[in-house]
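Across the two complexes that follow, chain A remains constant while its partner is chain B and subsequently chain C.
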Partner chain A sequence: MEIKLAEDTFLTDDFLRQLINVGEVDILVGLPTHNNAKTVGSIVKTIQSGILRWFPRERAVIINADGGSRDGTPELVTSISIDDVRRGSNPYALRTLHSISTKYASSPESPAALRTILAAAELLQAKACVVMSPESSSIEGEWISKLLRPIRDDGFDLVTPTYRRHRFEGLLITNLLYPMTRALYGLRLREPYAQEFGFSGRLGGEFLSQNVWDDGTAGSGIELRFTLAAITARHRICQSFLGQKDHIERRGSDLVPALRETVGPLFSALEPDFPVWSAVTGSQPLPTIGPDHEVLLDLVRVNRKRLREMFTTGVAELATVFQSILSPATLAELQRIAGSGESDFEYSTELWVKTVYEFAASYHQSVISRDHIIQALAPLFRGRVLAFLMEHRNGSAEDVENGIESLCLEFERLKPYLLQMWKSRE
Partner chain B sequence: MREMIISELSQAMHELARGFAHYLPRLIVMLILAFAGWAVAYIAKVVLRSILRLIQFDRLSDNAGASQLLTKAAMPAATEVLSRFLFWVVWLGFILLGVSVLGILGLQEQIGKFFLFLPRLFVAMFILFFGLLAASFFSRAALLAAVNANVPSPRVLSLAVRSIIIVFVLSIVFEELGIAEQTMLVAFGIGFGALMLGLAIAFGIGGKDLAQRFLERRFVRAKKDESEDELSPL
Partner chain C sequence: MPLNQDVLWYKDAIIYQVHVRTFYDSNGDGIGDFQGLEQKLGYLQELGINAIWLMPFFPSPLRDDGYDIADYNAVHSSYGTLEDFRKLLDSAHDRGIRVIIEMVLNHTSDQHPWFQESRSSQDNPRRDWYVWSDTDSRYKGTRIIFLDTEKSNWAWDPISKSYYWHRFFSHQPDLNYDNPAVREQMWKVMSFWLEMGVDAFRLDAVPYLVEREGTNCENLPETHAILKDLRRRLDEQFPGRMLLAEANQWPADLRTYFGDGDEFHMAFHFPLMPRMFMGLKLEDRKPITEILQQTPEIPPTCQWSLFLRNHDELTLEMVTDIERDYMYDSYAEDKTMRLNLGIRRRLAPLLDNDRRRIELMNGLLMSLPGTPIIYYGDEIGMGDNINLGDRNGVRTPMQWNGGWNGGFSTAEPDQLYAPLIQNPVYGYPAVNVLSQVGSGHSLLHWMQSIIAVRRSTAVFGRGSIEFLHPANHRILAYVRRLGNESVLVVNNLSGAAQAVELDLRRYKGNIPIEMSGKNIFPRVGDLPYLLTLGPYQFFWFRLRRI
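Right after this comes the complex of A and B.
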């Protein structure tokens, strides 16, 4: 272990002592938490059983990076005995499995949590690492294998998940993040903002050494930056189908934080990555283990009236804000559809793509506060969600997938429009 | 008698000539100062205009809402206004310096007052600009938060935030300039109090139905919505 690193590190002395006691490992599982006492116990047990079953001969450690939980989450992580799990799974596991918890801050910060996990992985010289979400109640032990094996056995550097989702879940991913990253970076990566993902020690160390931690750009949504960093550095990336993504209860008001976590970092990354994405045309599929998507068609009750009301109100009330961000033609078209009847409501893919690209160009140019630009996207996204719901309310899984695919192709087709907007506003 | 008149006239002419000879160099100095001042002022204007264009000051002014005010007043862009303002302040400063060289009694004191007033003028302009910027930022933040939280009449809320900040900024500006300090203080107190009272009355009486709808939406409809599925964006 390199003493120099220990001297320079931001890790606490106690955490460093625990890491030194562990020694080198082959596999590291990172678990960032904050007040997850309800779910973390079962998740740690599932992780432990997954390691015992799929990697019985590997030296492994679970690193819990906690953001100041007050419900005893760290104690729960460290108190779960490996013997309880061993009885029920593989009694012949040869290695000791360590569980270490450290408090990186008194409040949750996803960049600090990931940084702690990456630093621990580097110190322990872990060859393959995986980060798991502390909220997933549908997690299975096999997920560990699905995310780690491509790294250990096939030499991939990043493994992102694909899930079985309800057709109307994750609409921010299917209507913006996936198509836009695909069009700009040229890779058909279904989950660019993954809560569960695997990565090689090499990629982790490389990202850790990047100047993203102290330059103020490492805000929320660091997972997306991590994925984009792997793409731009041309690391080997693949996808692995995990199974059903459980429905995490979120309120409608969670949309703005979700936009800040995802769209903000994506728009922000476009500036340093300009030489990369401006040269990309078209998109390539990624190696995928299992299907690259599965769609559930259960019925859901959605308040379409409220979605429409929030879109219409947003377009009317934020007209002065949109004048700074959008082109007159796009704004006029939005105002036209905001005034149309419910049965005629249609937010076309072309208009949506132009809206997003103009927002990205305005973000680049900082025409107003960048956070205000992200917030202003929320009512328009609701309009797009409404159009998507209306278009696919009776659609099959294939119809939904075709709709997403045509949106992706529209993002790719209109990429020159983004380049034009980008340059014209410089 | 004739000799006396001639003597007085010649003395007067001598004094005039002496006075003129006394003032001529000062007049020349004043003219030189005015000309040099014009050159310095012009250079300062060009330099400031270049700097402001480099830092895209017009966009900052747009964001602050100052550009809209200037357009309404049929004035040029903020960069041009500031550059011209600097030009006139510098040139006027040089002219007054030249005038002071003439040594005209009474004028010295007024010129001194003018130069003492300049820093306060700059500070007042600084406060006004950044006050407008703050008003624009916070009113837009309030508008966006209100729209995304589905609060009724978000523009009224935004306008109220902007008005409060602008009234507050203007009172500081006038106090800094020393213009009718007492009057402004009283006017601010009355204006601010009236605004708060007006808002309270508007919300309590005029906006009774609005408040009722808002509270119903917040608390009554929340129960109804429990039967509806929320779509997770991620």
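Right after this comes the complex of A and C.
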């Protein structure tokens, strides 16, 4: 029998050569990019100053995994290296700071960026790592410290962020991702799909060796899978408050790609993770450095009419699709509220939770194309958003938070419903 | 072996720093002496050094290990007689070893007759030989060097009821170099020793000779003028002799001590030394290359003097605050190891007695541009005793064998000027010359061989340096060149094996010949030259185009 000794690799020889030159590091900062020239320059400088301020003695590297930028993004990243070639690059830095870049062949939405960063972390034996978003315009150098110190000093394996958010920002997180992951996995983790997070080399290595990269389910949203993997493997997780997060809008407000990036990976993970989440009841708070959330009150102009139209149109046009996904009772209730007057519109937390759970179960059963299932959720999510906005349009920060907490509790309360649906559809 | 008659002899020198008191006691009184040192010259010749630098041996109350001189024209009776010194000088010269002695120009002991006269009355003819003041508020911009012991650069003299100026200890009053009589007298002192045959002076504390209000009283033009005058007289009356500056300053300030080749022949490169230790601990060449890139060109007849350790603390004056903190935490976690702005430890304990790191640091010392100085005992890896005060912990007796008093003296142990190192790791039973002579793999033998390789070519002492900047920052690589000769030096500062690609296109066609084993390596071609190095390993390659 012929034994296969050589395998394809996703790391280029040039990148490997750069890693050899970097050598073992204590901390690694990963920066996935794709045409981020407008923001990445200031971000990498902030990262550099954060490393010099908070970790001046540690061996550090910045790894840029680029999805084929044509705007000079990689060059901006590598230009902040500190070495003895560029005279005066930073005479106050104790050490060389390599900032290296590699391009991966697949599309920017693929998981290749995180995979590249994790591979680099493993090859460089990085003890503490952090991934930073190339689009966070409000990044501060201290974020590096807040995400890395719990790993380096306190032995945590994953540090997820909490932010000071605007009242109606991140509604997909507050109305679906956070409450559902909390109910299913039992941890009150506010940002399960974080763009900035810290992790240990141990966790990175474990995830890198998991069979998630080529199984077809890992697309964009791999960061969510990473978080869930840490939970299911019972790694030590904490949250760290970073402050206000502003970001550059990437692709407008197209909801369907956002659902594919978040809800898709979550639903996908439920299958392999079933033994874990099916045994969990209730939820536990996580160790959190700083507050676990802060809400900014602001005036938000919402086109309620447009949201309602999209909801009602969706319910009507996708009726046959919903018949495959939803239970008759849930569909009937949705059709009822779609026909209600604007002032009477209400998408209750119970109905929303049942909707989501039925979608998850249908996804599990693949009653129709899984991607169609995800797409079909979009109009219903808009209906839920409309209800949430209307309920809290005059609410205080505390009111908003109470609303989210109520939703979380509803997800937890109805978890047996999901289990029932899950099993009945097997 | 005749002395090398080249007037640039100091460029090819390998200097061994030793205190007479510490080396060998010939008369059994517990204190090393000139006759003892003379008896050990054969050992030094075998080691391969060709110059010795003797620390102060003048009459002194010894409150600063002899840097507080009470008579410039005699020797301390504990070390022997002036005739003994002459014999030592002749014997050293017979063995091809030059002799460098200390000359403390800046200050005397407060026991020196000059100071006793000066303080005796305001009208004494020598009153103006020192710097006196009615107040202690002059020269406010001047830093205090011995921070741990001194609160001011002025000290009150109850006898003359006025303040006198001192940059070092208060028992070391500064001479007044604005007084022409002082300048003339100090040249007479130097002439006395030069006429005897001394080859060079290590001039102590030279930046501080002159004081001026509104300045930091360091590196002043008036000081340089005085030093230039000494150099002019030296060249006129004693050609071929050498002046070595002790000026703990930044490279740009140090540069001025070379003048246009008309001031000092040599100067210590103080800022480089701590950065070599820093680079090793960080496993990063950045501190070393940066300070060398900041080091200005010096006149062709001049030379840097390099050292790893000496009789003083590992000075951290010429580093930034963040670097100093790092050095303290890395090399002197125990605060008793710290003194003033430095670390009072020997080479081997600083490097955890790690033979590979000791070799690497000596390899750097021998291959970077300059003349290396080896501190006595470091060639066998001697330890220190931090329980002894001040810097005495690095000034313990030389360890010659594992027998009585380590072979240093036949005196009773409690008669020794300082206790021998006795701990299990560095004590004289474990670390001594005799045992290392008998072991082919000893540090002593290794030092002999690296010195021999260094002396096999003038390129290390006189050649230029070109850094290669490989992308692997743990590798410090450079090419030393002199005429048609090129030597490639590659150092792995890391405790792990490293691969490095060197851009040697400029040397395409050359065959690297490793200088210690004489083995040839693959010829240099168009592609990056790939080398792998073990932990802390280094290579010296002679590049031959054949």
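Here, the second predicted complex is superposed on the first by the 394 of 426 C-alpha atoms of A that agree within 3 Å, B and C clash if a C-alpha of one lies under 4 Å from a C-alpha of the other, contacts with A are read in each partner's own complex, and residues count from 1 in each chain.
Rule of thumb we're sticking to: a residue touches a chain if its C-beta (ideal position, glycine included) is under 8 Å from a C-beta of that chain, and two chains touch if they have at least 3 such contacts.
Since this is a predicted model, take the numbers as computed values, not measurements.
Student: Which holds for A:P285: it touches chain B only (first), chain C only (second), both, or neither?
Tutor: A:P285 contacts neither chain B nor chain C.
Student: Touch test for A:N303: chain B only (first), chain C only (second), both, or neither?
Tutor: Only chain B; A:N303 stays clear of chain C.
Student: Per the contact definition in the header, classify A:G72: touching chain B only (first), chain C only (second), both, or neither.
Tutor: neither
Student: Is A:V321 in contact with chain B, with chain C, with both, or with neither (first, second, both, neither)?
Tutor: first
Student: In the overlay, answer first, second, both or neither for which of chain B and chain C A:T262 touches.
Tutor: Once the two structures are laid over each other on A, A:T262 reaches chain B alone.
Student: Let me test your reading of the model: by the given contact rule, A:P272 touches which partner, first (chain B), second (chain C), both or neither?
Tutor: Neither partner.
Student: In this superposed model, does chain C or chain B come into contact with more residues of chain A?
Tutor: B
Student: Between chain B (first) and chain C (second), which does A:I20 come into contact with in this model arrangement: first, second, both, or neither?
Tutor: Second partner only, chain C.
Student: Applying the document's definition of touch, where does A:A376 land relative to chain B and chain C: first, second, both, or neither?
Tutor: first
Student: So which positions on chain A get touched by both chain B and chain C?
Tutor: In chain A, no position sits in both the chain B and chain C interfaces.
Student: Can you list the chain A residues touching chain C in their complex?
Tutor: Residue positions touching the partner: 17-18, 20-21, 23-24, 56-57, 59, 82-85, 87, 91-96, 98.
Student: Under the stated contact criterion, what part of chain C meets chain A in this complex?
Tutor: On the chain C side, the touching residues are 278, 282-287, 289-290, 293, 320, 322-323, 326, 467, 469-474, 494, 496, 498-501.
Student: State the interface residues of chain B toward chain A in the complex, per the touch definition above.
Tutor: Touch residues, chain B against chain A: 59, 62-63, 137, 140-141, 143-150, 154-155, 225, 227-234.
Student: Can you check the complex and tell me which residues of chain A touch chain B?
Tutor: 168-173, 193, 247-256, 258-259, 261-262, 300-303, 306, 309-310, 313-314, 317-318, 321, 324, 367-369, 372, 375-376, 378-379, 381, 385
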